[in-house]
Amino acid sequence: MRKTCNFSIKEITKIEGHANLDVELKDGVVEKCELKIYEGQRFFEDMLKGRHFSQVPLIVSRICGLCNVSHLNTSIEAVENAFGIEASRQTNILRDLATNGEFLKSHALHLFFLALPDYLGRESVLEFNKEENKFLHWGLSLKKSGTDIIKLLGGRIYQTVSIRPGGFTTLPKKSQLDKCLPLLENERKTAINAIKLFASFSEKLSFERKTDYLALVDSNYSFVKGKLHFASGLVIEEEDMLKHVEEFIVPYSNAAQTSFEGKSFRVGSLARINLNQKALEPAAQDIIKGLGLRFPSDKIYYNNIAQAIELLHLIDSSIRLIKELKLEKEEMQKIKPKEAFGIGVTEAPRGTLYHQYSFDEKGFVKKANIVVPTNQNNHPIEEDLAEFIPTLLDLQQEKANLEIEKIVRAYDPCISCATHFLKVNWKNAKYNL
Amino acid sequence: MIIPEKPNVAEILSVSQDTSDTKTFEVEFSDKNLQKKFKFRPGQFMMVSVFGFGEIPISISSSPYKTNSINFTIVNVGNVTNALHKLKKGNKIGLRGPFGNSFPLQKFRKKNILFVSGGCGLAPLRSAIYAVREKKSEFGKVSVLFGCKAPENVLFDEELKQWQKEDFQVLSTVDNPNKTWKGNVGLVTALFKHVELPSKNTVVMMCGPSVMIHFSLIELRKKGFKDEQMFASLERLMQCGVGYCSHCNIGNKYTCIDGPVFNAKDLNKLPVKED
Amino acid sequence: MSAKKVKVGFFSLTCCEGCEFAVLDLEEKLLKAFDYLEIVESRVLMEKIKPEALKLDIAFVEGSVISKHDLNKLNYIREKTGFLVALGSCAATAGINGIRNALPKELQERIRQKAITPVKEKASPLSAFVKVDYILNGCSVNELEFLDFLNKVLHGVIPRLEEVPVCFECKLKGNSCLLLKGIPCLGPVTYAGCDALCPSQNVQCIGCRGFTKDANFKSLDNLLKEMDSGKKERYNFFTYFNQLPKELRHLRGEN
Amino acid sequence: MNYIIKKEDLPKFLEFLQKKFDQVIVPAKNKTDATCFQQYSGQELFLETRTDFSAKEFFRPAKEKMFSFKKKNSSFNVEPCFDTAKRVIFGIRPCETHALHALDVLFIKFFGEDRFYSIRRKNTVVIALQCSKACENGFCTSLGTSQATGHDLLFFERGSDFFVKVETEKGKELIDSKFFRHTSDALPSADISCKNSLDTEDIEENLYANFNHPVWKEESERCLSCTSCTQSCPTCYCYTTKDEFVFGSDTESERFRFLDSCQLKRFTEVAGNHVFRPSREGRLRQFVLHKLSYYREQYGVHLCIGCGRCITVCPVKISLVEIANKIQKHGLGAKK
């Protein structure tokens, strides 16, 4: 790579969505590094205007194919919050379970199908050799342990249907849920192997940068409840997130970015374990110790290890939840709409997710605001790359590009989530969003 | 145990390409006994299976006096027929039948016969034509009318010529002629004026698209034909051939068991044209 | 099945990519299908496209056409492909993206001005621009329907889209009808094929598989009206995944 | 010979049956609160009135495998796949025993046996339950189907007991002295009176003669063509066959048959997209006429047994009784 050059990486692959990267390098210093997300915007926040609250979860779950349960849960939390509904204990447990299922699915897919080829030096999973093909089976069976749960609870894996404000429209039989246990038990081994596998790659991507982290912290490692912690020290209530996190538009990209006190911060698995390691299931904590892994960490590849550790945590926590669960028939709560305002914050597989709605007296949406994890991660990605690229000068351009993409992929960015929320600052008050 | 829905394996003996989208298959039951016992009457059809692709009703187009094999003439219009068209000599298919009623030829003794056909509707009539030809002395004069879209769609070209030589009156017409076409142009009904047969003592057998049948009946009535003299073979969706699936229901009749051949008098009572 | 592997590609325009992942959900069955398929392009799965390799037997395209970029890509795919399948409702009917098409004109115009990559006036299904050979509809697609499609296509059979409403499958599953319980449902006007997924979970069908041609919108609308569903609710309901049908123009108004 | 069994002993009786049969089928609620017939597994039974869905699933399933085809040495093995499970059905109502009778006529008696049906039928013992009150939309009394036929045992509700009438040898074998005791009491009354009534006089000819009556168009304007009527009807049997390759195989395929519905356009659609009965009006008429006219003319019994399910399940409240009565009253052939 020349010391002074402009280059761009077109269509970064093996990530969810479409993004380019433009870089201007001068005398070995990055002058410009722009992650250009050009995937067409879908304007979800505008599309939600005038829609009935009952439709909101169903529409927003279409924001992302991979983390639809997270969008569902978050929007449901916001709707219930607005109309003063308190979900029952059982409903909460089932929602936790569904969330676990989705994390399992999402992490397994990302680790084995998108990230692993990087570490094995293959172009794609389709080029794995016989020996490496076994990793695909690991990935698929881990994923299946998650999707089985989602399918049971939600009716289907993508765009689940039975998770609704007020409860579940149908409940599975306890015996059906119990049938998931053997597979989950069985997958513990695979998860442990996965952790070891990804830990063994630590040499391959050693980039490290000190930065801030944000995650929902709760003594049960809940993805739904808790307080928001910044690694730099601040602890805030869920609903105050936007009082501290500033969202801003970048002129070159279809996705917004965020900052906290003017600086970037990372979200996602790494942030969660950095901030809340002690709340992980015991087996997950043990293996961290056993392998001598050190959290908090600022190494970005640790994000993949963190995902693998979460796999084990998710399995154990799902087993516990299912075992403890006594499934009873429960009617859905009736919701009476009123003029109201509600916020929901949860952890999605890729990080903190924020939904906020205001409704009119009949329950139609007046205004919606959604902040997704990838918007938050885009900012640190750019800053990482600005530091990282100058270290690649001895590499050929093509090789360098690959290294750059690896960093981007380690974040598991979900562009299709990120682009659906173009923030528009209207001058005209009528459509002030 | 007889299972009416169970196909019997049969072998394709030969395939001939009649037109660009039509092939005639000569087949024989793999079970020689079955083939020996096999009998049918002109106008009947069989259920033809291409294993893995489906089963369709197809009329028998060969002579009822030819017993060592069965002929089907099939147009490639969809998935099963397309799969059939890919098969070659020696390939195996499934057969059930024969099903349905037939043209009541025994009642037509001493009568003149007018065949009216459109497109692959000539296939079932061909079987009847062969039957009449075999026992020529028992019948009166014979006219065969045939219509299709274009000259390249003309079926059994050689045979039409052969029949003509054997003093059947054979008239063909196409909708879209080309330069070399010497026959008539227009719908089959336009051929009626050339038919030499008197309306009295003549029976009509027809098979073709439903519009063709509809207008032929109207035109022939104008020429003095009585409904009792006219027979048409109808087409409907069929899944079983034995009255179980009800798809071919027209009014209180089933095309597969009460038909496919209907007397025009009965047709009047049926809601053939429903919309 | 022919000895030669069938070359397929997966492409995504603007959407959530859920459909491509739904297909991945076939798991071991999909791996088995790889015996017969050569995946030439799948951005989720692999690195850069190899343009010279791009001569496809089948292309599965998910997502709607929203930008010029989408359109160029779609035209390119069409050129290189024998059989183009619209995968999912975004590609088939514009799906959820189409909601934007019904927003007030002024708002739409402002959105367009502000967008960084030029956005087309409307979110459109693939068929608005190119010939689509087959539609696998649904949000997300039904993976079993996808498998069935593959199985047929590998044997040279082209399945056809039949005029069958969701209710048909709903009743086959022995569900009680939501309409009879006073809950609005789009089952009677929506293409079946999902195995009546939503009604089987006690959730109304919201029409994600597109409206049938045989749909009796007027009658269903009247029925919903009798169930005390207001004009705005009904408008909302019919336009979840589909453009408002002509017969129901009267529902459009101040929104 | 008549017997009595305590209602509280019913579960024990069903468990006893479970030992003798592969499947014990009972009426109960499903996940969506619809009532239907399902395998007994200790669940609460639904015995108030007839179920929403009929028991036809166990005679004419929605999807059944008919044959498996295996390619072998360039020929094919054709193997029929019969369902030979031994079943007992408890709690089917008198009207539905007539539905089975109507199907027997076509699938067993008329052309030779449809084995897929007849094997199931012959392997099933039918325990009918007499209705003690008329159901919502039923009109069995008009069609003479309120008394059971062709069943093996008949249960009557009587206070805290069931009164049991034995009809066949097969039924007799199930009378286990552990639960049943002999009785010489008189048979309880089986009379019910339906609110709905259908004028059946010359109904076959009259309906057919009124093929073009305006009522068809009027009613069909509301029709959603949702097929709920045909699917809930205990006698709707029309089917479509389909072949499918076993996934990933060149040599193995299977033939299935699926329940179809005349309310769908595809029911009469042939190659080239021609539909013989395209209009909603025609499709609705086909349903009513097949039930009340054609079948009787062909096979001597009505295909409608007056259970009223099609009326109950119709989201837009189209009623074949109303249509038929309207024609009987005002159509051609109406008695003045």
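Chains: A, B, C and D, in written order; residue numbering restarts at 1 for each.
Here is the rule we use: a residue touches a chain if its C-beta (ideal position, glycine included) is under 8 Å from a C-beta of that chain, and two chains touch if they have at least 3 such contacts.
This one's a predicted model, so the numbers in the text were calculated from it and none came from an experiment.
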Drop chain C from the picture, leave everything else in place, and list the groups of chains that still touch each other.
A | B, D
Is the number of contacting C-beta pairs greater for C-D or for B-D?
B-D
Centrality ranking, top chain (CA atoms only)
C
Most remote chain relative to chain D, going by C-alpha centroids?
A
Separation of the C-alpha centres, chain A versus chain B, in whole Å, is 66
Roughly how many whole angstrom separate the Cα centroids of chain A and chain D?
51
Between the Cα centroids of chain B and chain D the separation in whole angstrom comes to 38
Identify all positions of chain D at which a residue touches two or more other chains, and write them in rising order.
31-32, 244-245, 269
Numbers and ranges of chain A residues touching at least 2 other chains
170
Two-or-more-chain contact residues of chain B, please, as numbers and ranges.
52-53
Provide the full list of chain pairs in touch.
A-C, B-C, B-D, C-D
Touch list for chain D against partner chain C, complex:
30-34, 36, 52-53, 57, 62, 221-228, 231-232, 244-245, 247-248, 250, 259, 261, 264-266, 269, 280, 313, 315-316
In their shared complex, at which residues does chain D touch chain B?
66-67, 69, 71, 74-76, 78, 80, 106-107, 110-116, 208, 211, 237-245, 253, 255, 257, 260, 262, 267-272, 276-279, 282, 286, 289-290, 293-294, 297-298
Using the touch definition up top, name the residues of chain C that touch chain B in the complex.
155-158
Using the touch rule from the top, collect the residues of chain A that touch chain C in their complex.
11, 13-14, 16-17, 38-43, 46-47, 49-52, 55, 58-59, 62-66, 68, 109, 113-114, 123-126, 136, 140, 143-144, 147, 155-159, 161-162, 164, 169-170, 251-254, 364, 416, 422, 424, 426, 428, 431
Residue positions on chain C within touch of chain A in the complex are 13-22, 24-25, 27-28, 31, 39, 43-48, 64, 66-67, 69-70, 95-97, 99-100, 103, 106-107, 110-111, 114-117, 119, 123, 139-140, 197-198, 200-203, 206, 208, 232-233, 236, 240, 255
